[in-house]
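Chain naming follows the written order as A, B, C, D, E and F, and within any one chain the residues start at number 1.
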């Protein structure tokens, strides 16, 4: 249910604390390397657990989730692009860059959703973790293709080399490698060894997530200053697009994949979330004409807080309603 | 001591690899990299963050001919991605003279 | 009891190891970001635990501790200033800056005292954690006021802007925000969620403290080179002032607040300790005429090691004596 | 390429915010920040530490008129807090010329 | 037994993941400070556990291990040097620098061997931890002496000052101080206090090792580009020297010290491993004429992966064979 | 403002202590250190790593006489360990003039 108590999950409270600290202009700062370390830890932790769960099930049964992830990964950025180009009516290069962010996913939002499910004691399927790993990259490719179409004619040799590199980068992105690699290790490592390393990832996981969200709260809050640059219509997009994504995700999770409430919520969150770590540098390289003030403010300053505070409990209610 | 050109380049971290490839191509053998820089310019504020959107400061000491080639190679990159490239004069302390 | 075994607490041994490593000029070094990360962890840990304890008690019962903390926070820097200006006879701006350090508190010393109580298996009240958070800021304000008085006449418009900013900074200081924020989260977060993040802060707490003190031992040791600059009388102040503070703290804890041995020790430690993380940058901005070589050497190089090695067991014996 | 003044400022980390406010006021739009620097001067040794008392290196390329305004704005700050401000000549590589 | 399942130890899989990530040119990167933090943690953890174990035994019984460690530490670099100068026939200064690396030890390899023993559930003596601490330094001295001999005549006053400093540095090296210091603390700290900090070092140890090896895998992989510079004969040395070291270590562990399979493996690993953290900067200072591309590529790019993937299970089989 | 020499030195982190000892000996009272730099030169690529084999960037502003002494002191170090030393001209903004 959408109630106040959902917001009293420590992870979300720490996000709010970071947001507030920055609002009152506190000098609280996280060393950037600490944030990187925390996100490495979280990705490895998600991966290992996901891998262990997946090892228990028939690989064939995962095909549906894989196909759905690819569908969402290629489809969502196109929907976002059409909305941006047709309705919000911003230029096509910025539209392509923003679309790539919304087609991809945010591991931070995903883990917050897991913390949420934990707190309401609802179990979830293990497939969404693979979907998380798969959905990181396709949107980057789509963003690139859309930008090349928008630029058409200017695609000289240099442009082609850059595109080739970006496709490589999209699939060898650090988060993708960490997630898939840890998943594989979780699936194939011998149990004795795993049981020695799991306490590290179990005992600390939710605590580390709190510190990560504390810092992300500060980062999100720092973006508020750029709201003017973004403009009202685009800010509305930052709320509406996750709702559209969530609706598609809910449908995919519930009807297409037949997941329970937990799994359906996670698919909704994947579809609703926008990347704010892996995609920004990729888009900066691929579409230098696009403004980071736009795509970062939207994904980190609008959609991330919206999903964490309002979205997750909302999508959860919807998933419960579907599962009635 | 011999007179050299001192080129100072500020670019985004993510472009570093490309710029170094250009320098290799030109045959520049020496440069110094100061990572994790921040700054402000036409493209807004930049600072080191988990998104890796910070700046990098590249200093190159080389002779004038090479400097000109570096400058020409940097122009399209600066046009595309922004950044700054300053050139000044310096004396290089040669150790064996 | 004041015995050798007290000094064999791991936390204190790691402090000594760091001190020694630097003395023999080892190249052992902590990355500064690691130290920042450790201190963020410790503050959040103290705050969460404090908040959970405080949630169990009647808020009204905390009023005494709050008032006492404010009294100590405003009173101690004045005592320190008078001693410095009248007895040690240093210039008023340096006196104001040093006074601010001694009026504020050191979370590192506080946690070492908790480790000490743990090791002798003595319980403590939960109020001192609020006092820790409250006592960070007032001394900064007092230092500022004293400096403005010392400078009188030079207070131009620019000066006033700086003062206004510094008052803001004193209350939005990173440590204050982290401590109060985590305390609030510990008090209001839902229990299921808290139980997921607490293992992180329980399992690691004392181990992290050891690493933090290892580094602080090195930092303290680095300050020894500046002892000449500080001069003998001021070095004596670095020992006497914590003793005075401790005496006042013991009285406050035992008679005014009616705490047991554990709580009384903690209040004594709060009053006896000098800040070496939050106050130095504040004083550098507020009183640039004052020498960091003086205030840092005193707080970090003299008083901190004194409190950790000699002070805590000494104040503990005194608290036991009072409680007879 | 156009001739510019290259201003190099070393100040304490804690003053950075104030200096940037001054630069904003003057209308300087571009600067580069190298954080976590150390050093020694009249006010003793400084290094990056948990106390945040390290230095920051600020580089500004601007025209001479603006440079003069920056210099005048820096004087009281340098007097109050210490630090160093060096000015030299450089050529700015303009990308579209 | 040398079987595939040995390679499925998570620690080794993470090493492989890092190696692969770098091979496919992923942008995955660890902040250097994180690696430093992980290695500080590992050294303190090894030290504390070693110290606690050693406290239980008669100090006199450790003399054999100490003498053996000194023998290996002084003897192995001389063997390496002779091989390099006579058989591989590289110049004497590079030979001296490389020899110092192979005479010293790699704590990372040592801990991986412990993870290996854990996974096959074989116990080990506690003496090898002291040997690890002791064997860090002597090879640095030998490297220095060999280089001075190679340079003979050029040893001016400045040279002597540098040598004096390097001997100091060899014994006050950060890893040595951390290891010996933590060992002492593990041995003398009061048990109540230790029991509070141990969970930190127990719960996380194997998980931290995985992250450390993930990064070291990337570092090792980065060295492959320098294989051309190293040349085939020297690359062979990077495989043969650990085999020679392991043989000597096996003999020392089994016959000289009378250790069981576990202890014998650890002595073999100490002798077989080459330092890639503590010795490189020491050799860079002591023998600036030597090429880091050679000594780092050999120790980090060849010998470390060889030991982790092939060496440890191989030496273990040998230790089992000896113990038949 | 007074004219000064601006010396820029790139050396390995591990040599920093030695170079500072030389500067102390010469009587140089001010310098700025930028740690954690990388680079490439005759001795190959260097970057910050757990081995501590990264570079450090040292900037010294001083008068010409002292600059000459610094240069002479650096020559043997550069010969032994490599690195770069550049000298250029700058104006020092004096705060009390």
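Here is the rule we go by: a residue touches a chain if its C-beta (ideal position, glycine included) is under 8 Å from a C-beta of that chain, and two chains touch if they have at least 3 such contacts.
On a predicted model such as this, the values are computed, not experimentally measured, just so you know.
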| item | value |
| --- | --- |
| Intersection of contact partners for chain A and chain B | none |
| Which of E-F and B-F has more C-beta contact pairs | B-F |
| Inter-centroid spacing, chain E versus chain C (mean Cα positions, whole Å) | 40 |
| For chain D paired with chain E, centre-to-centre distance based on mean C-alpha positions, whole Å | 45 |
| Residue numbers of chain D (touch at least two other chains) | 34, 36, 48, 76, 88 |
| For chain A, residues contacting two or more additional chains | 31-33, 36-37, 203-204 |
| Arrangement of touching chains [line / ring / star / complete / other] | other |
| In contact (per the touch rule at the top): chain pairs | A-B, A-C, A-E, B-D, B-F, C-D, C-E, D-F, E-F |
| Of all residues in chain E, those that touch chain A in their complex | 5, 8-11, 13-14, 17, 20-21, 24-31, 33-34, 37, 115, 118-119, 121, 203-211, 214 |
| Contact set on chain B toward chain F in their complex | 1, 4, 6, 29-36, 59, 61, 88-93, 95-96 |
| Complex contact set, residues of chain F against chain E | 12-15, 36, 43-44, 48-54, 76, 80-82 |
| Chain F contact footprint on chain D (complex, rising order) | 8, 10, 34, 36-42, 47-48, 55, 57, 71, 74-76, 78-79, 84-88 |
| Touch list for chain A against partner chain B, complex | 32, 35-36, 39, 158, 215, 219, 276-277, 280-281, 284-285, 288, 291-293, 296 |
